[in-house]
Amino acid sequence: MIRVLFFASLREAVGMDAWTFSPDSAGSPPRLSSLLAALKPALEPDGYAALTAENVRIAVNQEFVDGAARIDLKPGDEVAFLPPVTGG
Amino acid sequence: MIRVLFFASLREAVGMDAWTFSPDSAGSPPRLSSLLAALKPALEPDGYAALTAENVRIAVNQEFVDGAARIDLKPGDEVAFLPPVTGG
Amino acid sequence: MACIRIQAGDFSVDQEWSALRERLDANAGAVAAFVGLVREVHGDSRSSLELEHYPGMTERSVEAIVAEAEQRWSLAAVTVIHRVGRLRPTDQIVLVLAASAHRSAALAACEFIIDRLKTDAIFWKRETAGDDTRWVQATDQDVERAKGWAGN
Amino acid sequence: MACIRIQAGDFSVDQEWSALRERLDANAGAVAAFVGLVREVHGDSRSSLELEHYPGMTERSVEAIVAEAEQRWSLAAVTVIHRVGRLRPTDQIVLVLAASAHRSAALAACEFIIDRLKTDAIFWKRETAGDDTRWVQATDQDVERAKGWAGN
């Protein structure tokens, strides 16, 4: 089981703050690409487009990942979708 | 009567914090040059050299004056000798 | 030597200043500080600001900014407090304190930290004024300011 | 809008911060601050610093610096307090607070004011450590920093 988190404008775009990804346990190690594929039918087209926009960053276990689609995931991982930040 | 003030290192160099200049009331309006001429015999050579060093600034009535020697003075004026400042 | 807190409640500049000062020795000659306050949105005094964060990752993003400041400058002590949750106009939102032997390091570090908090710390702001609510976007100016430190 | 004081006694950062904050409206988003502390001379904890000033002219020299800052940046409020007389290591010596709508103006004004206080305000410092006493000279670095503002 992999926990998926959505923050700020993305939380609103997808209409939920968390989602659970349960990859096929028999297959090869799940990747972010398979997570996104499983997520797509659960979302409105606008929500999926928002998540995959160029300025959205993805964190796995609270570390940003680049070239995220090819990252291997494992049970217990936490994947987060983060829109551009605006602190301070 | 013109009041003359010495600050910080100049106060120590001349050995006093204030001095009174009483110009000849019959003559032309006193200038800073006549004040310095009257002051010179009252000071040790080191003290006079310190007062007339290049980095010493002179204020008349709490305003800095440039080309100070030719400034006209009048009774009641306050003349101050200021070494380089170091605040903050 | 850094004190970093993310909190919903208000902070006291006085308490933080006193606490920082106790951590300083007699070689610290300069403390630079920055306090951010919530501004009214479009002059609406009933507007509000809501700050969202990612617990855990947000703290580490702020720690990374402070660690970079500590690498760039010789700092005696640093405090960063950033609030989250719903805030009102004139509320305190962020505090940065940076102490050093000399003012140039303290001032530069304080400015660096607040600039980077704007662009690299994991917070999201939503403004609400009347019926209108929107997520705040980073300004080009903020991004430029933060980039400016890269060359230094 | 500026509060300027030259005083022998200590100041409270808390009181000054509270007083400044009361002068701000909901359009002020940023306060930058600087506190100068007395450093030990040559690691001597019994060293001391004596600050001399020219009553009247010193106040006006500080007012002129603040007025120039207010011309350069749009400032909501400014506080400058500078102490005189005998001070000990770790004592507070100077406070600058500058408030503005945005952080860039507040930070720049605060830095400008403290840089100019070093070179243009009428104070003289004498350090005493053991039997040794000397008048502090302005550093080349201070003069360069102050000159740096001329081109901006």
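Order of writing sets the chain letters: A, B, C and D. Residues in each chain are counted from 1.
Quick note on the criterion: contacts are C-beta pairs under 8 Å (C-beta built on N, C-alpha and C of every residue); 3 or more make two chains touch, one makes a residue touch a chain.
On a predicted model such as this, the values are computed, not experimentally measured, just so you know.
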Greatest separation from subunit D - chain, by CA centre: A
Approximate Å spacing (C-alpha centroids) for the pair subunit B, subunit C: 50
Whole-Å gap separating subunit A and subunit C, where each centre is the average of the chain's CA atoms: 28
Distance from subunit B to subunit A - Cα centre to Cα centre, in angstrom: 77
Subunit A residues counted as touching two or more neighbouring chains: 88
Subunit C, residues touching no fewer than two other chains: 36, 103, 114
Touching pairs - complete list by chain label: A-C, B-D, C-D
Subunit A - residues contacting subunit C, complex: 5, 7-9, 59, 62, 80, 82-88
Interfacial residue positions of subunit C with respect to subunit D in the complex: 13-14, 17, 24-40, 45, 89-90, 101, 103-104, 106-107, 110-111, 114, 141, 145
For the subunit C and subunit A complex, residues of the former touching the latter: 36, 51-52, 54, 56-57, 60, 82, 94, 114-115, 117-126, 135-138, 142
